Amino acid sequence: MGAWRHFPIFMITLPLLGAVLMPFLGYLRERWVPYAALLPLAASTLLGFLLVGRIPAGDHLSYHLGGWEPPFGIEIRVDHVGLFLMLVVCAITLLALVYSRRYIEKEVSPGRRTAYYVLYLLMSGAMLGFTATGDIFNLFVFMEILALSSYALVAITGNRNAVRAAFKYVLMGAPSSIMVLLAVGFLYSVTGTLNMADLASRIAESGYTEVLVVSYILFVIGFGVKAALFPLHMWLPDAHSIAPSPISALLSGLLVEVCAFALVRITFSVFTRSATDLVGGTADAVGVAAAAAVLYGGIMAITQKDLKVMIAYSTVSHIGYIFLGITAFTAEGLTGAMYHMLDHGLAKACLFLCAGNFIYLKGYRRIEELRGAWRQMPWTCFAFALASISVIGIPPTAGFISKWYLILGNIRAGKWLYTIVLLSGSILAAVYCLRIIYYMFFQAGKEEAWEDASRDVPPGMLVPVWALSLGTLFFGVFSYLLIPSLLKASAYLL
Amino acid sequence: METALNLTFIVLLVATALMAVWARDLLAAVIIFSVYSLIMALMWQRLQAPDLALTEAAVGAGVTTVLFVVTVFKTRRREEEE
Amino acid sequence: MPDKSTFSVIPLIVILLPWISLLAILAFPKKAERLRLWLCALGSLASFGLLFSLLPGILDGKTYTIKLASVVESLEMRLTVDTLGFYFALILAFLWMLATIYSISYIDHKHNRFFAFMAMCESFILGCAFSANMFTYFIFYEMMTFGSYPLIIHEETTIARRAGYKYLVYAVAAGTVLFFAIVAHYFWGNGELGFGSYGVLSLEFASRAALTTIFFTYLAGFGVKAAIMPLHGWVPDAHPAAPSPASALLSGVILKAGAFGIIRVCFNVFGTDLLRELGVYVVMAVLACITIVVASVFALTQDNLKRRLAYSSIGQVSYIILGLAMLAHDGALGGVMHLTHHALMKGCLFLCAGVILVKTGKKNISEMAGVGYQLPITMICFSVCALAMMGTPPSVGFITKWLLGSGALQASLPVYIIILLVSALLNAAYFLPIIYIAFFRWEGDEVEGHGETHRPKLVFGKEADHKLVVPIVILALLVVVVGIWSNVTGFPYSLVSRVVNVIFP
Amino acid sequence: MKRVLSLFFIAALGVLLLYVVASMPPMGDPQTPTATHVIPRYLERAEEETHTENVITGVILNYRGYDTMGEVTVIFCALAAVLAVLGRERRGRIRGFVDRSPVPSSTIVRTMVRFMVPFIILFSVYTILHGEISPGGGFQGGAIIGGSMIIFTTVFGLYESSRRIPQKVRAPLEGSAVIVFFLVGALGLVGGGNFLTYAWPHAARGLQPALVTWLTVLVEVGIGLGGAMVLISILFAMIREEEEIALTA
Amino acid sequence: MRLLHNYHYAAAMALFCIGLYTVIVRRNIIKKLIGLNIMETSVFFFYISLGYLDGGVAPIHAGSADPARMVNPIPQALILTGIVVALSVTALALSMVILLYRQYGTLDVDRLMREEEPAAEGAAGEGEGGA
């Protein structure tokens, strides 16, 4: 096998190495740090794209670190679905990084800018590592890096509410990580290995069902908090609305999805199909929680006055979408969930960056202040409209395709209640998104609100926003690139 | 004798944990917590894990406790009443 | 799919042509007012012309198809021009062309936005007409909803905003219900969303309950746009709020998109014998009858001209659904042909209402005394179309009522004839007063009591701008001409009979 | 009310956990899955494969080296996070800073500490260097150095101790652990194996074991040094006085 | 029965619950962090007691030790990473506590969180950053 075998590990380690080298550059030339930060991520994205053709849909690439074969050493396992998510992570982190160069100059005090970029790169590298690893303890370690860097990035603006929101996030995140560690311990006590593939085979024939069920429950609680599933989501609205916009775009768009993906891998590749009776009970509970999340998130989003808090609640609702797709236990449902991760990531990142544009240019956070915004900021508003169309799930966008497969999966699974919940969720989404578009386009703004500058935000911030919104459109129209292989991959996972 | 020693350590552990949680004065709580992690280090030594005993002693009793002490000094000694 | 489907890119070009006007707007947004507006009109003119060039091919049964994009093999966006699609697209493009010309001089503010969304909406509805499977139909249908919203709230008055809001609420709800219907159809028809000539679904795949749920969710989803009674709420508010060309299109074409959807569902998705077997057509028929009667009664009570026309539209569209529900050859023929007939008649009426509004500023019927003398040509066309709506012999309206009647006889259900007669009476009841007030009353005549007072002279000179009147005259002429020489090749009868004969041999 | 609810939730969780623990394989008997599945290979062949007596160090640095790379990244991330929250003290001398140590200390304590600190550091160097022979290793040594600096700071105050280990020295070394790990990993790559294999490119067969041991020692030193510097920087960042925090926050 | 035999596990679980109780119920945030550490050490204790063999020997090949009776090295390797992770989370949380006390003047979690919701204060100025 050619040199491309080493690409996944470099995709993960380059950002981490970049993060470690950043303080040196920060010490020598502060001005270059934002541009230098782009290098490792661009390299990872390039490696990712080079890898695309290499992995056939049903197969996976397994890379033994240190040369030791799996149950003894750690293995990096990249299958088609994993690679697909890694590419999404690379793309969105790169775009948000381009965006944050100017945004950070205004939002974060000078002393902390290098720390911002260091944490940003650590977070991106950890996300890639988290998706690719084939070892559950390694999953925990990367989750911890993710958690730590996201706690700090939420609190980086330093104002009162940011630190309070970050601390609330820590108080909920830290115990959930420990629960994941305990769950890994339970699994280890019963099977003796830590490698996921090996675990799957040993779980199937191990007799200790109570231990496995409880360990699955702990996994669900642990990752549930990280993925902000309904009852465990209290930290999300504060953290995502106070964090600087590129960070809340990353948190909402990616971190939440990656943790949901981890739960998918654990449910399907570790507790495999044969163990569904083990997983069955908790899966229904997750389904009920997800349905509640869709409705709760939607209703709360409608009542919000602050734009970013509204988008945060819509994330809570859309995570419910993803989990409804997962708990349907059908190939279409899983494909829908996967595709929704992509679409939700792109659209939600775009929404938060647009909100960031409003804050950057005029400091407007509340929705009333956006009246007639399109006169002065046409580009941002059109991008916002396009992204929210994808959030609602209107045809030409990727949101429609993912909603199609989510509902198809639930119908095939015969879960009528969840289908109705999904549909009403999309109506709720329509209500709170169209309300914003209505304010922006069809309302006359107060005279002095938008009068002075006729120009929009600097191009450095507009390009990522438009790249993301056109991405949702692109993946909507050209969905045949991904959907067939996703269907095969989910069948392979199931 | 083996289990007797283990049991005493465990009882001590649970006792110090409860006291650390219950203590009103924060500094006292932190000190009791450092005793807790010291006993935990001894416990691990008994379970034939020397590396970890050393680490737990150095990190648990050493660094973590001092970080707590610094925080208590920077904030407030007494726990606030409801 | 009929075997003779040749690949051709014409359907795609026809859809993209209206976007020329969009380019025109972007090219020179501020200056060259005249050129820009005529370019917009050119967009819809060109698409109608290209469409008309397809007529000979369609007449000898050829269909043109092109694949736009696909998600999975069984789920693809494909455009196909078959006879039914062509028939709907023909009238759609024709009416849109006239409305665009009409609105060049009618719209006085925010031209760019209006023409941009007008063009987009037209291309989406053409997409609906040409869609080869329900997936494509739904995509264009949803995009049409969001394309037509700005048309309704063009005036930006509070009434328009509230009407637009109500329209959105109905449309989004309908979209969701329709979405469920399509996914269920995709699941139970195991992947077959296309339009088979005898219907695609059948009982051995799915249970009876499943098929009925699919049918009723389709009916509800399309019913909102086709303004079936319980779901018609948005129509009476949207029409008066929208500028006249927009409301002409709204009732002439956008309501028909819903009706066309139901036609596709009944003919191509379920197929008539499956409908008869499921027995769901009875519900459809009952709903249609209720809508016809109740809408006409409401129309009586409305003083605002446009609201009255809106209610009459709701009634007339249900004629189509009634025709379908009869499951008889003539009934289906009458119903599908009424699609065009009503578009011609109602389009003309709304445009006349627009002219009255522009020239005399009058909105309510009670104030329109003597309008006939000030705007003779407009009011004559108005009367011709009003009479046609009532079903007087030489006009298209008469053909529809005649066919529906004979369809009812064929289906041996005399109760429909009674419904038709009642509705004809009601139509007369709410159209004749308008004509009477317009011509036989004039200001100041009731002052002197019953005495003969000088009758105002017919003033021909001061008619509205020629760009407003010409479309009205064309439509009025067509209403009569198509009525008399109905079996001329290009006209509705030739196309629809070809379709219906296949379904009801 | 919240107290009762959470008490009930915790009690339920506790009972569940105890029930699960009761159904677990018995502790300590050699037939449990943990003792039979993977461990025999480690215990027998660890020595000649990783050339370290201490199996744990072998497992940490060689078999599961990726975990430790993650761990080192975690500690670096913690430092970056603390500095992001509190902001690093300004460069150069810490001017205008009261030499008040958090704990009042008498001369006896000062002399005792001045006498003890060198020996503690000696012990920690010992721990780091012989990591693969007897218990101990990179991070333990680093923690002990950190501990010694803590005693020094509590007694002599931040000004004194930051003069001994200035920020200019600490900043470059903080990232040393990850860099060393990456270099050794890449070296393994150059040497033909996968990432993180301990192999010296085109070295003589005989020489291979000694080189692996030396590489392990190199990594140990890297982790020890990196860990120590990170702990010290975290400590200094937290001890800094309020007005200092206000300035850079 | 088995629970008495596995008393180490039982103790670990008990400590876990004590820690979790403290994190959830206690109002002082430093107490919460102490609870967090107790939780973490209890899980580490569980891991190590998992790997223990009766009459086992530390896994170091120093002279006499024979591999058969060596204790399981894997949990110990994992816990080394675990301890570092626990330390870093505590360090970050404590530095946040310091900043929170300086900004809000209280360590009581209810008083801290009860202030007006972030949305209300989202005035343009506040977003500029800087304590």
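A, B, C, D and E are the chain letters, set down in written order, and residue numbers restart from 1 in every chain.
Definition applied: a residue touches a chain if its C-beta (ideal position, glycine included) is under 8 Å from a C-beta of that chain, and two chains touch if they have at least 3 such contacts.
Keep in mind it's a predicted model, so treat the numbers as computed, not measured.
S.K.: Supply the minimal count of touching-chain steps required to go from chain A to chain C.
M.R.: Step count on the best path from chain A to chain C: 1.
S.K.: Tell me which chains count as touching both chain B and chain D.
M.R.: E
S.K.: Given the touch definition stated above, what is the smallest step count connecting chain C to chain D?
M.R.: Graph distance in the chain contact network comes out at 2.
S.K.: Any idea whether D-E or B-E has more C-beta pairs in contact?
M.R.: Of D-E and B-E, it is D-E that has more C-beta pairs in contact.
S.K.: Taking every chain's C-alpha mean, which one sits closest to the mean of all protein C-alpha atoms?
M.R.: Looking at where each chain's C-alpha mean falls, the closest to the middle is A.
S.K.: Select the chain at the greatest separation from chain C, using centres from the mean of Cα atoms.
M.R.: Between chain C and every other chain, the largest centroid distance is to B.
S.K.: Taking each chain's centre as its mean C-alpha position, how far apart are chain C and chain E in Å?
M.R.: 68
S.K.: Where the centres are mean C-alpha positions, what is the separation of chain B from chain E, in Å?
M.R.: Here chain B and chain E have centroids separated by 12 Å.
S.K.: Using mean CA coordinates as chain centres, what's the chain A-chain E distance in Å?
M.R.: Their C-alpha centroids are separated by 26 Å.
S.K.: State, to the nearest whole Å, the distance from the C-alpha centre of chain A to the C-alpha centre of chain D.
M.R.: So the centre of chain A lies 30 Å away from the centre of chain D.
S.K.: Using the touch rule from the top of the page, what residues of chain B touch 2 or more other chains?
M.R.: Those would be 50-51, 55, 59, 63, 67, 70-71, 74.
S.K.: Would you give the residues of chain C that are in contact with at least 2 other chains, written as numbers and ranges?
M.R.: In chain C, nothing touches at least two other chains.
S.K.: If you look at chain E, which of its residues touch at least two other chains?
M.R.: Expected reply: 8, 14, 16, 20-21, 49-53, 56, 58-60, 74-76, 78, 80-81, 84-85, 87-89, 91-92, 94, 96-99, 130-131.
S.K.: Per the touch rule above, enumerate the chain pairs that touch, sorted by label.
M.R.: By the stated definition, chains touch in these pairs: A-C, A-D, A-E, B-D, B-E, D-E.
S.K.: So in the complex, the part of chain B that touches chain D is made up of which residues?
M.R.: Touching chain D: residues 50-51, 53-55, 58-59, 62-63, 66-67, 69-71, 73-74 of chain B.
S.K.: Help me check something: in the complex, which residues belonging to chain A touch chain E?
M.R.: 106-109, 137, 141, 144, 147-148, 151-152, 155, 157-161, 163-168, 170-171, 174-175, 177-178, 181-182, 185, 188-189, 194, 238, 241-242, 304-306, 309, 359, 362-366
S.K.: Considering the complex alone, what residue numbers of chain C touch chain A?
M.R.: Going by the criterion above, the answer is residues 69-72, 75, 138-140, 142-143, 146, 150, 153, 156, 161, 164-165, 168, 172-173, 175-177, 179-180, 183-184, 186-187.
S.K.: Can you tell me which positions in chain D touch chain B when the two form their complex?
M.R.: By the definition above, chain D touches chain B via 54, 56-57, 102, 127, 134-137, 139-140, 143-144, 146-147, 150, 154, 231, 234-235, 238-239, 242.
S.K.: Touching residues of chain D toward chain E in the complex: what are they?
M.R.: It comes out as residues 2-3, 6-7, 9-11, 13-14, 17-18, 21-24, 26-30, 34-35, 38-40, 42-44, 46-47, 53-56, 58-60, 63-64, 67-68, 70-71, 74-75, 77-78, 81-82, 85-86, 133-135, 137, 139, 227, 234, 237-238, 242, 245-246, 249.
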